[in-house]
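There are two complexes below, and they share chain A, which is joined by chain B in the first and by chain C in the second.
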Partner chain A sequence: MWQIQNPNTPTGQLILWMIVLGAFIMIMGLVPLLHALPPRGRRAIIVIITFITGLFFATEFFLPINKEQKNFLTDAIQPAQQAVQVITALALGLGTYGLVRLHLRNVVQRRTQWGYSLVLLISFVVMATFSIANTLSEQGLVEKTPLLEQGFKLLFDYTLVQLDAAMFSLIAFYIFSAAYRAFRIRSVEAGILMFTAIVVMIGVVPLGATISPYLPGVANWILTSLNAPVQRAIEFGVGIGGLAMAIRLWLSLERGVT
Partner chain B sequence: MDLQQFLPLSLDRINVWIGVLCTLAIYSLLYRENPLYRFFEHMYIGLAAGYSLGPLGVDILYRYWITPIWVQGQWAWAFLVPFGMYLYFIYSERYGWVSRLVIGALVGTSAGLFFQEFASRYVVQLHSTLSRPLWMSSANPEADLFGVITNWVFIIILVSVLVYFTFSYPQKGVVKNVATAGRWFLMIGLGAIFGNTVMARMALLIGRIYYLLSDWLMIRI
Partner chain C sequence: MQTRGPSIWERMLSIDRRILYLLLFANIVLFLLLPIRMRAAVSPPVQKFYDEIEKLQPGDLVMISSNWSASTLAENQPQLEAVIRHLMRKKAKFTLISVEAQSRDISYRLASRLTPEGGYEYGRDWAHFGFVTNLIVSIKGMVNNLPDTIKKDVRGTPVSELPLLKGITSLRQYKMIIDVTPSATVPFWISYAPKETKILYCPTSVMAAEAYTFLDSGQIKGMITGAKGAQEYEQLLGIVGLGTRFVNAISFSHVLIILFIFLGNLALFMNRRQMRQEG
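Right after this comes the complex of A and B.
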């Protein structure tokens, strides 16, 4: 029912194009109709969509399963997750549009430091071209030419990856000033924090074993026996808080969303 | 060092020199905010945003929307992208609320998936915590003295930290003492996390220094 026969024939392709076009016209045509609803009706539709999508995933998980480890919703989970990924990909376009619009406006209106916005836009367009072409070539839709291969390698491996690594390693310098502030012993808690951090830092490098053969073992014991239950307690707190927030979002009690 | 090999005279060396230029430009921030850093910072944002369109945009749309429709003939997928396009109404003053239909679907999905995650992650963690042997007996033949002590330490720390985070009742008397111990244990945990973070960042820095010395200056380390 949900699939047409012989989709790869010219007739099949034509039918599919017609369906896609019809779907666009139908869904976009709904907008003026939805807009005709009063504000309370609009909110009701958003609440219903939020509730049903949440209910679907929750129900699938909590319903009993049969001998094949399935319930009547299990087969629909994978398509639903694919649908979420497609919508997330469209949301990425939304974010990209916002970024480009902001910097394009900077350039067009010659705002302060508009040159940097121009750099951003040029690097964005060049990288997007190569990234999309590279993705299409991996799918076999575009030929992988030497220009594409070398260009993508230069932009990704020798520029983006290098900038990424440099940017994150930069934090190493600033973490020392943070450490200076954190390690000033002004209370018992600060003293414990400092002592533990020093033992862990020295214990996990060869210097620790040089100072004392027991130090790496102590550092490991702190990480596995003392740190693990603390992290688990924090995770339980996060989990319970997250569950409460999920229920509030699911039931549209958070007014900011609906 | 062979100067011919060091200079950017081949494609590989040009690539290395570009990588070095990127690294040094970012590190120039350590001196102070400067135009070179700002240039490469904006280039980084542009490149990162541009790159994401390939694997996170086009690839997903091709695999999960175009292929099911045009290759497998599953026509019902045709309605998905037009519905997702409602997101773009966010820029319309008149129809802006329509984007909330899609946002509502995403929020509902996130909530539903969190219910799954809670059951599959936190309940399992709780079970593994509560099933730790706390004494040596014939019922727990694999439990040794060190393991039992470690398990007691684990449970005591877990409970005391949870007590510290519980604000539903006033922390007085014994509860206050347990909560204080919980705060100290929390400091041990945070100290360990901080130590690990510092070492992870140091590893990244060492990686960069190694790149500069080995790949660029061709010094054998």
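Right after this comes the complex of A and C.
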């Protein structure tokens, strides 16, 4: 695999920057070129790239391996992984650009509920600034000042994490309300299902062992002897469905892919 | 003509959801604050998990895949804390990896907070590889050439220069992989990680049911299910962690849900009977 010799020397750094600049210019040039193509031409490019990359990963997985656990394609996994990272970074940049553009337009044109857009933009800029600065300080590239440390802690630990956890915990309240209203024993099957659910719900928590020493064992038997075979059957079905879908995506037969 | 008001059963069936929310909230707060400690019956998957880590030798290398964010903090944080504490007790070295940005920050900060307890030093005893964007390709890359795949850790140090990873070129040299996650990432580790490397799993409670097939087949060697699994694990370790603190609220929330399912069915049955009697 081609590598830059001594990337930390001034010459190596120069070559690195030249490569980055060249790649940037190439991508910027590709965008208008792709836009200029007719839809059928664009579709053909996407179909070909999807097929080749899919073929690469499938072939690498299925081809026999030697004593070093490799085949002739295994060494190409690293560049493929880096390509995936680059594509993801591009997608992230594109997403950020789209998000900022949309909400900036809402604010500038005073559209309906533009205040929310303003809150989003301010939160986005503040969080990104502190987050990037914190990452750089972890790498020793900028000084970790008390403002940065406290600011990041306030924004990440005390705001983002708490809001995220609170949002998810609301599900428990909906489940409680839904279980009360919807879990009705209208048939023998529903009765069996409810009885099983109660045994598992109580059996897996310490209260179950306090009520009866046999309850945890019964709950475990239900999970391993009844649940596991059913799950296996479902996973077989899902697996076959997933394989069919993967083939359709690989061959670009799925509508909406291109 | 005088019309009768709604019966108690009708009122129960149309109970305001805010009353239900308030009851659950009060139940959770009460049992989080009450200092009751109930001993758990350790489930076989948790016991297997514990036994596998007990088999580790000092210096053995373990990969922890930490892919949870704040939304599942109540379940995954007690698991990760208990696992790291056990690894430190066994003097096993570990590296962390994530598949998204928030889980990278959370797991790095959590490990940075816990590791001084065991006298662990970053770079020598543990390290964080940051987050990777595609887990499948990254696992395959790490099996083939770990330093080239990860390149730098969260502190910007090339992983080949970390004392912890001296002589480590592949995931094959790891003794164990522990997946702490609310997502279905464990099939990726099973499919693409080296077959000789043991896989242990820490899912959230809702994800655990699917994993029993892998436990049965031996593809997963042990499993800690949610916060209640963490409590069992803490009991085995002889410590009081987040799992032990959370489990009472979980236990009695289960009881409350069951009680209200029963009451809902009773109200429905009695209401129907009353309507039949009234013609």
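Just so we're on the same page, the second predicted complex is superposed on the first by the 223 of 258 C-alpha atoms of A that agree within 3 Å, B and C clash if a C-alpha of one lies under 4 Å from a C-alpha of the other, contacts with A are read in each partner's own complex, and residues count from 1 in each chain.
To be clear about the criterion, a residue touches a chain if its C-beta (ideal position, glycine included) is under 8 Å from a C-beta of that chain, and two chains touch if they have at least 3 such contacts.
All values derive from a computational prediction rather than experimental measurement.
When the shared chain is aligned, chain B comes close enough to touch A:Y158, but chain C does not.
Looking at the shared chain after the overlay, A:N227 reaches both chain B and chain C.
Of the two partner chains placed by superposition, chain B and chain C are both touched by A:E235. Of the two partner chains, chain B and chain C are each touched by A:Q139. By the touch criterion defined above, A:G41 reaches neither chain B nor chain C. In the superposed model, A:I175 lies in contact with both chain B and chain C. In the superposition on chain A, A:T74 contacts chain C only, with no contact to chain B. In the superposition on chain A, contact of A:L207 is made with chain C only, not with chain B.
Measured by the number of chain A residues touched, the leading partner among chain B and chain C is B.
Common to the chain B and chain C interfaces on chain A are residues 80, 84-85, 88-89, 135, 138-139, 141, 156-157, 160, 162-165, 167-169, 172-173, 175, 179, 194, 198, 201, 204-205, 223, 227-228, 231-232, 235.
Those residues of chain B that touch chain A in the shared complex are 11, 15-16, 18-20, 22-23, 25-27, 29-30, 38-65, 68-76, 78-90, 94-95, 97-98, 100-116, 118-122, 125-126, 129, 150, 153-155, 157-158, 161-162, 165, 182-199, 201-202, 204-205, 207-208, 211.
Of all residues in chain C, those touching chain A in their complex are 15, 17, 20-21, 24-25, 28, 38-41, 43-44, 69-74, 102, 105-106, 108-109, 132-134, 137-138, 140-141, 143-145, 148-149, 154-156, 172, 194, 209-210, 212-213, 215-216, 225, 228, 231, 247-248, 250-258, 260-261, 263-265, 268. Across the complex, chain A meets chain C through its residues 60, 69-70, 74-75, 77-78, 80-81, 84-85, 88-89, 135, 138-141, 156-157, 160-165, 167-169, 172-173, 175-177, 179-181, 183-185, 194, 198, 201-202, 204-210, 213, 216-217, 220, 223-224, 227-228, 231-232, 235.
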